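Below you will find the structure I want to go over with you.
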Amino acid sequence: MAGNSFGTVFTLTTFGESHGPALGGIIDGCPAGLKLDFEAIESEMQRRMPGQSNIVTQRKELDSIKFLSGIFEGITTGSPIGFIIENTDQKSPDYSHIKDTYRPSHADYTYDQKYGIRDYRGGGRSSARETACRVAAGAIAKQLLKQVKITAYVSSVGNLEVTKPYQELDFAEIEKNPVRCADPEIARQMEAYIKEVRKEGDTVGGSISCVIQNVPIGLGEPVFDKLHAQLGKAMLSINAVKGFEYGSGFAGTRLKGSEHNDLFNPDGSTKTNHSGGVQGGISNGEDIYFKVAFKPVATIMQKQETIDSDGKVVEMQGKGRHDPCVVPRAVPIVEAMAALVVADFYLLNQLSKL
Amino acid sequence: MAGNSFGTVFTLTTFGESHGPALGGIIDGCPAGLKLDFEAIESEMQRRMPGQSNIVTQRKELDSIKFLSGIFEGITTGSPIGFIIENTDQKSPDYSHIKDTYRPSHADYTYDQKYGIRDYRGGGRSSARETACRVAAGAIAKQLLKQVKITAYVSSVGNLEVTKPYQELDFAEIEKNPVRCADPEIARQMEAYIKEVRKEGDTVGGSISCVIQNVPIGLGEPVFDKLHAQLGKAMLSINAVKGFEYGSGFAGTRLKGSEHNDLFNPDGSTKTNHSGGVQGGISNGEDIYFKVAFKPVATIMQKQETIDSDGKVVEMQGKGRHDPCVVPRAVPIVEAMAALVVADFYLLNQLSKL
Amino acid sequence: MAGNSFGTVFTLTTFGESHGPALGGIIDGCPAGLKLDFEAIESEMQRRMPGQSNIVTQRKELDSIKFLSGIFEGITTGSPIGFIIENTDQKSPDYSHIKDTYRPSHADYTYDQKYGIRDYRGGGRSSARETACRVAAGAIAKQLLKQVKITAYVSSVGNLEVTKPYQELDFAEIEKNPVRCADPEIARQMEAYIKEVRKEGDTVGGSISCVIQNVPIGLGEPVFDKLHAQLGKAMLSINAVKGFEYGSGFAGTRLKGSEHNDLFNPDGSTKTNHSGGVQGGISNGEDIYFKVAFKPVATIMQKQETIDSDGKVVEMQGKGRHDPCVVPRAVPIVEAMAALVVADFYLLNQLSKL
Amino acid sequence: MAGNSFGTVFTLTTFGESHGPALGGIIDGCPAGLKLDFEAIESEMQRRMPGQSNIVTQRKELDSIKFLSGIFEGITTGSPIGFIIENTDQKSPDYSHIKDTYRPSHADYTYDQKYGIRDYRGGGRSSARETACRVAAGAIAKQLLKQVKITAYVSSVGNLEVTKPYQELDFAEIEKNPVRCADPEIARQMEAYIKEVRKEGDTVGGSISCVIQNVPIGLGEPVFDKLHAQLGKAMLSINAVKGFEYGSGFAGTRLKGSEHNDLFNPDGSTKTNHSGGVQGGISNGEDIYFKVAFKPVATIMQKQETIDSDGKVVEMQGKGRHDPCVVPRAVPIVEAMAALVVADFYLLNQLSKL
């Protein structure tokens, strides 16, 4: 496969560029008999949509999803679920200036080098608009995983960090602030900071934490498709992601085994959870938690020197409406990718033993 | 696939438990016509082997590799390359004590839960001995990628860290010290610290940095199989890994776009390399660099409380010869997995354009 | 994958039911830089369309294809090519009578048993309408294989058979008659016979022969993905197909080795071609030829006894406009599937040797 | 994958050449908890072995299988099952004469063209010896499918054919005669004929029929991975196979719909079974039956003109001990491949509905 499919038995294949007639995808391997809650799907789509608050891009994209197959009278049939998300405004007046120019830290140069041709309108295939399809598929995966609870939230923006462990946070706060930070006090600071950065015509990075609760024991397929390895790939495949850690993560490298080991309770649960819910690549029933690093958005509203396709140095400046910070809108994407991973392993695990 | 295969066109499938008659694997998709340097392969195997220095386990494993197919008169034929690594000493006198006991932070409990049965001898399939097969395959991948240079080194042990950027290090130092640290001064400190930890019967975590140089432009398959996403999965699939970051990584989340963007030189190279050699999931010709976090080894020589398979609390203590710190021996594994990823994308990229 | 994808590197994934809003698919792995001839694609679609002559169904389906991605200014970009074919008339007045009834020799019963739910309108996912997507993708594969010539024709209808070997036929005749038979005299007899069968409210089977010329040497991936094995799977995956043979086929079982062996000419070509252009699963540069058996269409305009979903015996009769013989319209489908197979192996073979 | 893997979740990957140190394979995806009957496996291996009767090759190959992993105390653990079959006599004195010569209707020429290098000893990778690995894996698949009964038998040799339908045959006869023909009278004629052909230094083709009974309803994954499509591919991937038909097959093309349709009994079974147990690509619970065409073995003991790798015409004659007719020894291979297909779909079908 040429990179546009994800999953082993519950699979998503996506297509589409930011300024083509439509994006879309095919979900294959969703078991028959799942009654879909379409409002829940639409609600996930809206969490990712531009224009939802004053700290994200004010671009208008109506991410209304149209299901074309695989569902009959509201229930999945076991046939592939095709869907499209139309690009209602395909005109690209804003992008002619980048036709022959490579934006710094974008994919313009690498796409041109790899393919010898590039749909330059709005980033084409490399646009984060593609993630709308992931959110749609993830919303269905979530419904397949009724008992599992997947919660992501912004845990840092620039140097502003949530320092409390997730157990001390009230997840109900997340959707109450535009940053989607689980700590309301830090959220206010983040919001102010993002506005300030935007005023400078600049952007800033951040990180998202995610917790998966009530995961059945046994998910993950050693040795290469360990649960956390597939989660890591899923997250790293999201635009702008630079790092992934789970459980004790990078901080765990500083610990000794005697500090890090998770001792058992008699029921098989563990007294601590440095393992992050995964041991030997397989879920152990404890909470899975991980953190994802996002770099600052590359499109800034400041002048930058760059080159055109002839290697000539030119000056450019971002136009249009872009996110000063990507993490608030990436929260539902992180959840969606997590759901796709867990759903796939949930199904695969049905085949682990007689 | 049930998790034991890696790669799309250059693939490795492995089998084997730490105390069965042999481990082994099949490399499929290696192009015909590659003249193999068997000494180079053997030399990689020896870098991973136990007993090579006084800071790693003194266990004796003769990781001699036997190629069974796919090679004729020293040259690959395009047919699958089967190989085995015999377990010369299959007796398991040391492991009877864990037959019914779940070692903390090992895979004993999760394997039992997932499969309902477990080869308890030495960790069975979950043993890091499986990575010997990866090193063998990676050594062949390296030979396929003649012009690419892959260098990994230990960059932290506990709180001892290499702070110099890789450009200021002399990679020739790496194999000169038993820790495989590129900074000789820090290496000495690390070695002393590991010995101290071992004396306590404890273990400690660490991290490995890796640099891939001379990578052709265009490797990586968006959108799900981005080069860094597959690298991340590859690293996270190695035993004990808890995190992965590339380029600016987690630190990059603190930067602004104006600081983070890599401006172009007229020849398409970039003035800085926060991108870590990958933009939009595709290599841009700059150095690829990343860091991998390893937790402390779970087997410690101290008494720990744990449970047996009936949920009864028992006391246990590690026996035998284990690594006090895994990172020195993991260096060739990191390189091998990196080589597998790059070789696969190198071949796939032949098909990107007419 | 749950069965809706075909191919290894040049892949097609399809979705869609006969009476949903649209069918469609994603072609992934088509190299960038292919200038598409859209008229040629449309022309293939029309060859499959109902209503094109008086011996096929008079049902109206406007199989107009809409490309949604992966093409920029008429040229493939290396990104996935998404496309849809809208079902212009989604109303299903004709199908309510089969809602709870299992049509004999259709997929109604097996879909219900497998999935527990069934989109009964027009056969749903099991409808041959799905093959429209294959024809679309095959048309692009044909354009990728510029030098290869793929020609299918009807070689039997009921007992009426083309007995001349393909070398003695004029392929220019095929599109001149509504049966798509390469022998004009037999074509007339077939046409008359099909009309007669239709008058009886009955249907009849037939077979299609296909010849692939100018195939590069070296296509096919032993041992499981032999060129003819994948061709066979491709053909058997078409609705109503019951058999596949290539080269000497079933008749070859009667021969002796001394009669069957294809002796070489000094240039590597062979004096005879019982091998059908494939030796050891790899193309040898000779013509590939094969034959595909189609059963009679199951929907007949005669009364038949059958059962409903409660196991009650009921009487039913086909309604609507159905094909009395499927082979004329299946000719472009056979060609399309052949093109998909050859294109995939053509790309894979780029990776066979250094 | 480069063609050496088969299956989606229950997978077999094989390696090995006829004259290397060993052949072998990895079975991945076999559920844990299957208690293996090793005698049954060995017995399948012996059915395929050379030298078992006076009408097959008298070559000595001790196909003793060595399992290396994935099995603990006789029970599968869910980890990959690695195995090897050593080539006890690796010396190749008989093959030097074909080093630079292309045997007619063998894979010598195509392998050389595809890979630019060829292990010429005994056919190398293209040797039917590879099928020993399939028989081993198929034997395990059979044990997974306890209730399913898979029976293959020789149904024709040259012009000698079993004309009785399988329902009238006594399968207990099959292993009683060296031809493995289910009709003892025809078996005697076949045996005599094969001896005669061998005396002429010639070979002859034949066909194998196979019946799969007690198949659960619901196996097969539309649309591309239809049960019979995958069966067809499996059979066509066996050396020397030229055709595959199931159910009414090629003869069914002559029938009308009113004759061919399988009418239902109230319990969902059908009064006739032209469908061959598969409707819409999914098993319907009736017997699956199919027929496989084998060409005559290419190696004959007569002089033939051929060419060497320089295109020079040379004369050659088969040496050594070869089968005058391949079908008796191919019977267990057909069964094994059928078992692999059914086992894979059996597991996949667990995921079809909630």
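Per-chain numbering from 1; labels A, B, C and D assigned in written order.
The criterion applied here is as follows: contacts are C-beta pairs under 8 Å (C-beta built on N, C-alpha and C of every residue); 3 or more make two chains touch, one makes a residue touch a chain.
Everything numeric in this text was worked out from a predicted model, so none of it was measured.
Counting the residue numbers used at the interface between subunit C and subunit D, over half appear in both copies, so the two copies meet with largely the same residues. Residue contact pairs shared with A-C exceed half only for one pair among B-D, C-D or A-D, and that pair is B-D. Taking each chain's centre as the mean of its C-alpha atoms, subunit B lies 46 Å from subunit C.
Averaged Cα coordinates give subunit A a centre that lies 26 Å from the centre of subunit B.
Residue positions of subunit C touching 2 or more other chains, listed in rising order: 1-5, 9, 14, 29, 32-33, 78-79, 114-117, 125, 222, 348, 351-353. Contact residues of subunit C toward subunit D in the complex are 1-6, 8, 14, 102, 104-107, 109-111, 113-117, 125-126, 130, 156, 158-159, 197, 200, 202-207, 217-218, 220-226, 228-230, 232-234, 236-237, 242-250, 252-268, 270, 274-276, 279-284, 293-300, 302, 304-307, 311-313, 348-349, 351-353.
Within the complex, the subunit B residues that touch subunit C are 9, 29, 31-34, 78-79, 222, 347-348, 350-354. Considering their complex, residues 1-5, 9, 11, 13-17, 20-26, 28-29, 32-33, 66, 68-70, 72, 75, 77-82, 84, 114-119, 124-125 of subunit C touch subunit A.
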